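Some structures to go through are shown next.
Heads up, the next two complexes both have chain A, just with different partners, chain B and then chain C.
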Partner chain A sequence: MKKIFPPTLLFLSPWLVTLTLFWLFPLFYSLYLSFTDYTILNPHPNLIGLKNYLTLFSDPDFLTALKNTSLFVFGTIPFTTIIALFLALIVNQKLPWKGFFRAGFFLPSITSMVVIALIFTNLYARDGYLTLLCSLLGVPTPEKGFLFSTATALPSIMLMDVWVSFGYYLLLYLAALQAIPTELYEAAEISGANFWQKFWHITLPYLRPMTLLIVLINTIRSFQIFIEIFVMTKGGPLNSTLTVVYLVYENGLVRFQMGYASAMAYVLFFIIMIFSLLQMKIFGLGKGIEE
Partner chain B sequence: MKKLARIVLFIFLIIILLGTLFPLIWMFYSSLFPQTISLASLTDIFRQKFTFKNYAEVFSQIPFGKFLFNSVFVAVLVTLGNLLSCSLVGYAFARKSFPFKRSLFFSVILVLMIPVHILIIPLFILIKFLGWYDTYLALIVPWLVNPLGIFLMRQYIEVLPKDLEEAARLDGAGEFKILFSVVLPLSKPALAVVAIQVFLANWNSFLFPFILTSSENMRTLPVALALFQGYQTIDWPHLFAASGLATLPVLILFLFFQRQIVAGLTAGALKQ
Partner chain C sequence: MSRKLSLYLAIFLLIFSCSRPKSDKINLQFWQFWTDPQVKPTVLKLIQKFEQENPDIKLELTDLTWANGHEKIVVAFASNSAPDVLELGSDWVPEFSSQNVLLDLTSAVDSIKDRYRMWEPGIFGENIFAFPWILDTRVLFYNKDLMKKAGLDPDHPPQTWSKLLSYAKKTNQPQRQKYGFGANAAERHRLYKKFLPFLWGNDGKILSDDNSTCLINSKEVVDALKFYIELTKFGLLDTQRRLDEAFMQGKIGFLISGGWLLREIQKNNLSLNFGVTLMPKPDINRGTPASFAGGEFLVINKKTKYPQETLKWIRFLTRLDNCLELCKAIGTPSPSDTAAIYDTYYQNNPYLKIFQEQLKYSFSPPATPKWVYIEEKIEKAIEEAMYGRKTPQQALEDAKKEIDKLMKS
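Showing the complex of A and B:
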C-alpha cells in the first residue's frame, strides 16, 4: 500500500502544475500588480496602494465601459433565457425532427465567435442584408450601417449575442426537461390538471435549478464580452460599445499600463462574483444543483 | 395535442431554425461569388454565377495554409495532451485516496467557473518571462490540462466496475498498466467526449492565441480571420471563403459526433 502514493502523485501532477503555474500564480500575481504602477517601461514596480482602484472610478472610459457592459449583460440574459426556455418547451413536444431542431439551434454556439462576428459585421453593414431587409420593411436604418451609429451599435451586438447563444441554453433546458419524471404528468392528468397547471406546478419548479445555472453561466460569460467588440467595433463609435474586458486589453496590452489594467480586471472579477452569489441567493442554492 | 396545433408549432420551429442558420448559410453563399454581392434588391442574389475560385485564391493570396497548419497543429497536440493528462488526473480522482483530495477536486470545479479575463495580463507577463511569447509553446502548454476534461473522466471512471482492475492488480500489473490496459479501453466513450470538447474549444479559441502571439507566422485561423480586416478594405468573398474553411471542421464534427458534443456541453453544466 505504501507504494501507491508516488504513482498517485505522478497521476495528479499535470493538474498540480497547471493549477499552480497557469491559474493560481496568475491570479495572485495580477492581484499584486493591481496595487502597483507596473508598466512595461517600468519593470521595477512600486507599490502604490489603492491608487489604481481609486483612479478607476474617476476614469470616464472605465465608467462608460462598465455602463455598456452592464447594459449588455442585463439586456441580453432575460431574452436569451426566455427564448431558450420557450423553444425548449416546443421542441420537447412530440414533434417530428426533434433531434434535427435541437442540433440546428445549437450549431451557432459551437461555431467560432470570430466567424459569427464577421458574418454579422457584413449583415449589419450599410449595404448589408439586414439593413436592406429593414429598409424594405420600412424600419429606419442608420446611414452608415448599424455598427457605425452610437444608438444602434450596442443593441446590434446584443441582438447577435442572443442569436448566437440561445441554442446552448436550449440544449441545457432540454436536458432538464427530459429529467422530469413522466409519472408526475400522468398523475396530474388523472387528477384533471390542464396544460397551464402542469406547466406551473410541475415543469417550472423542476426547471428552477437549471434556470439558475443558465443565468449563472451566462452572467459570467457576458460580463467578459470581448471578441465581438474587437472584431466588430473596437469599442466605437464614440466608445458606445466599449466594454470592460476590451478596456483591460487596451490598457494592459496596447498601452502597457499593466497595474492599472489588473485593477480593472479585478473590479470586474468582483462584480461577477457578487452577481453570481446574489443569483445563488435569490434562486436559493437548491438541493437540486448539489445532487 | 391537437393536430393543427402541432402543425403550427412545427412550421414555427422551421421558421426560427431558418433564422438561426441564415447567417451561416449567408457566409457560405457569399463566398461563392467573385465580388461582394451587391444588394440592389433582395432577389439580386439569385442572378449571379457560382465559383469556387475564392477558396483556391485564399491559399495563394494570404498565407492561409500557414494559419490552417497552426490551427491544426495546435488543436491536435492540445487534444492529445488532454487525453493523456485528463486520464491520469481523472483516474486518480476516481480511484485513489490521497491527502487534500476533496479540496483539490474542488479546485477543478472552481477553475471551471473562474472568469478567464483575469488571466489576460498575468499570463501575458508569465509567457514573456518564460520566453514562450509568440511561439507554439504559448499556444499549447497552458492548455494541456482542461478542468472540464478532468471532471468528465473522473465522473466516467468512478462508476466503472472495479473487478477488472482488481484482477489485473492481483496479476501483478502496475498502476500505469492498469490505467492504460484496463481502465482506458473501457473509457472510450468519455475519451471521445473529452477529445471533441477540447478540440472544438481550442479550434475556436481567440483571446489567448491573440494576446500571446504577435507575428503573422504564429496566427491560428480565428486570430488571422479577426485581423484580416486590417489588410485592406474588407474583401468579403475571400474573407467568407476563409471563414467557411475554418468552420468546416466544426461542421464535420457536428455531423458525425453530435451525440458526444451534446454530452460534453451538457455534462459540464449538469453536474456542477
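Showing the complex of A and C:
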C-alpha cells in the first residue's frame, strides 16, 4: 500500500484536483450558500436557514419558470425520442444516400447552440422566412411574430429544440440497432413473423436500455435549458419563456443574489434527481431483455 | 527514493518558479472594453503617452468583452482580484458604488466637476464614485426614401409625438415588408431604455427626488405609456439587434437607436438614404426632446494601493484632447467634457451634430442600487400594457405599488 500510494496519487492528481476544485467544492459550497443571504460583492454571508427555500415557493417568477420548464421537458422529449427512433429505423436500412442522411440528421447537434438560436430568431421574425412561408400557404401567423407572442414563444423554441437534439439520439439508437444480432431476425422470418411482429418482439425489447438512457439524458438536458432562452427571448414576452436555469442566471449574475440562486439551483437538482429515479424505475433498470 | 524525491522537487520548483519578476515601477491594472481593431491602437497609444509623461508608472491592460465582462468584474471584486482602474457601463455603476467596493472620488473631483456632464449615475448617497468618460445617446433615425414614398417631406422629420405617430401610420405597410416604427419587443434590460425617453419627455419622473416614492402612476407617465403602445402598433416589434438590421435593409421608417447604428451604416457603406434628428417632443410647445443617455465611466478599486496614481490616469483619460482622440477613433460618441461640442469634428458632421445636441436633453435612470429591480417592474408594466393584459393606468399603478415596497425594504 505504502509503496504504490504516492505515485498513483500523483498520476491521478490532475483529474482529482480539477474534480475537487471545480466540481465537488463548488457543489457543496453552493449548497452552503443556499442557506445564506450571500450577494457576490458582500464577502460576509449570514446564515438564514431555510428562508431562501421558503421564499422560492411563493415567488411567482419561480413558479412560472417551473411551469414553463416542465412544459418544455414534457413537450419535447416524446417527440425527440419518437422522431429519433423512427428515423434511426429508416437510416438503418440499406438505402441509397444513407450516409448523407445520417450526417445530415446529426449535423444540428454538433452545431453551436448560439448559432442555431440566432438563425431561428431570424426565421421566426415577423419579416422572416417562416412567417413568409406561412402567409404564402394561408396559415395564420401571430401578429407580433412567433417569438413575441405569449402563446407561440415557448412552442417555437420547443420545435427548434426537437430539431436540434433528435440527431444525437438518432445516433445512439442507430448504435443500439446495429448491436441487435441479425440471427434473431432470420429466425423470426423462418417462423413466419411479419414486420410488426419483428419490431414489437425483437427490436423494441432490445432498444429498451438505450431508450432509458436517451430519455434520461434528454430529461436532464431539457430541465437545464438556458442558451436558447438567453439568446432568443430572455424569458419574455411576459415571462412566457422564463425557465428555471435562466432565472438562476438572472438572480445570480444580474441581481447578485447568489444565495437565492443557489437555492433555486438545488431545487432544480432535486427535481431532476426525482425524475431520473422515477424513469429508471419505470423503464426497469437492470432488468435483462430476456425476462 | 531519492529519484522520487527529486521528481517531487522538480514539480514544486516548476510551480513556484512561475511567479513574476519584480520591478520598482508602480504597476496599475486597467480593465477596459475597447477591443475593436479600429479603437484598440488608440487605447495603446494613450497608455504609451501616459507612461512617457509618468515614467514611474506602468499600466497593465486587460481587455473585457461586453458578453462576459460584467460577470468577470463581479467575480474579480468578490475574489479580491479586481484591478486598480476599470471601465464600467453607466447602468452598472450604481450596483458597484452601492456595494462599497469603489474609491470615493467626491473631494478629488470637486473643483473640476462643472466641466463634465453626466455625474448622476456615479453618485450614490452624497458621494461620487465614478468619473464620466465617454457618452452616447439615442436619437431618432428616419428613412428618407420610405418617407418620400408615403408622400412625406423627408427634409422635415417628425418633431412631435403626433407627427411621429401619423408618419409611422403612413409608412407602415407590413404586407410589403415595410414598417413604420421600430419597436423594441419584450426584451429584458432594453425595453425600458426605449420607453424612458417618452416618460422624461412628457415631464414624467420615475422616483421622487429623495428616491423614496415611485411616481410612475402620474398622468404624465400614463400618457407617455399610452402613446408608446399606440406607436408600437404601427411598426415592427423585434429585438434591438434585428431592428437595427431591418433599418439598414431599408425596412423601417423610424427607429430610436444610438451611435452604433450610425457606425454600422458607415462601415457597410450602405446606400441607405437616411437622416437623424432629435427625439420628438410631446407637443411643439410642451415637454422636452428627452433621450436616454448611456456611457462609459471610470472607477477606482477601493482597495488600490495607489489612489493618487490611479486618479492621475483617470484625469489623463478624461482630458479633452485624449478623450477626443479616442472618441474619433470610435466614431460617434462624445467626451464627457462639455467643451467637446465646439470641436470641428462634431460641428462639421451633420449626424454627430445632432448627437451632440441630443446630449443636452439626455438623462440616465435614477442612481439607486435597486435600479435593476425597478427596471424589471417598469418593463413588466410596459409588457402587460403592450400585450393587453392591463390598461396602461392599471399596469403603472401596480408597478408603482411594487416599486414603493421595494424602496422601503
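In the analysis below, the second predicted complex is superposed on the first by the 279 of 291 C-alpha atoms of A that agree within 3 Å, B and C clash if a C-alpha of one lies under 4 Å from a C-alpha of the other, contacts with A are read in each partner's own complex, and residues count from 1 in each chain.
Keep in mind that, in the parts below, contacts are C-beta pairs under 8 Å (C-beta built on N, C-alpha and C of every residue); 3 or more make two chains touch, one makes a residue touch a chain.
As the structure is a prediction and not an experimental result, all values here were calculated from the model.
Visitor: Using the superposition on chain A described above, determine whether A:A175 touches chain B (first), chain C (second), both, or neither.
Guide: After superposition on chain A, A:A175 lies in contact with chain B alone.
Visitor: For A:N194, decide between first (touching chain B), second (touching chain C), both and neither.
Guide: Neither partner.
Visitor: Considering only touches as defined above, state whether A:K94 meets chain B (first), chain C (second), both or neither.
Guide: The first partner, chain B, only.
Visitor: Touch check for A:L12: first (chain B), second (chain C), both, or neither?
Guide: Once the two structures are laid over each other on A, A:L12 reaches chain B alone.
Visitor: Under the stated touch criterion, which partner chain does A:L238 make contact with: chain B (first), chain C (second), both, or neither?
Guide: The second partner, chain C, only.
Visitor: Is chain A touched at more residues by chain B or by chain C?
Guide: Of chain B and chain C, the partner in contact with more residues of chain A is B.
Visitor: Just checking: does A:N122 make contact with chain B only, chain C only, both, or neither of them? Give me first, second, both or neither.
Guide: A:N122 contacts both chain B and chain C.
Visitor: Quick one: classify A:L253 as touching chain B (first), chain C (second), both or neither.
Guide: Once the two structures are laid over each other on A, A:L253 reaches both partners.
Visitor: Per the definitions at the top, what is the overlap between the chain A residues touching chain B and those touching chain C?
Guide: Residues 7, 121-122, 127, 253 of chain A touch both chain B and chain C.
Visitor: Would you pull the chain A residues touching chain B in the complex into a rising list?
Guide: 4-5, 7-15, 17-19, 21-23, 25-27, 29-30, 33, 87, 90-91, 93-97, 99, 101-108, 110-123, 127-129, 132-133, 136, 163, 167-168, 171-172, 175, 213, 217, 220, 223-224, 226-227, 230-231, 245, 248-249, 252-253, 258, 261-262, 265-266, 268-269, 272, 276, 289
Visitor: In the complex formed with chain C, which residues of chain A make contact?
Guide: It is residues 6-7, 39-43, 121-122, 125-127, 144-145, 147-148, 150, 233-238, 253-256 of chain A that touch chain C.
Visitor: So in the complex, which bits of chain C are touching chain A?
Guide: Residue positions touching the partner: 4, 70-71, 74-75, 77-78, 95-96, 99, 101, 174, 177, 179, 185-189, 236-239, 242, 246, 251, 372-373, 380, 383-384, 387, 389.
Visitor: Under the touch definition given earlier, write down the residues of chain B that touch chain A in their complex.
Guide: That would be residues 1, 6, 9-10, 12-13, 16-17, 20-21, 23-24, 26-27, 30, 38-39, 42, 84-85, 88-89, 91-92, 96, 98, 104, 107-108, 111, 113-126, 142, 144-145, 150, 174-176, 179, 200, 203-204, 206-207, 210-211, 221-222, 225-226, 229, 234, 236, 239-240, 243, 246-247, 250, 254, 258, 261-262, 265-266, 269-270, 272 of chain B.
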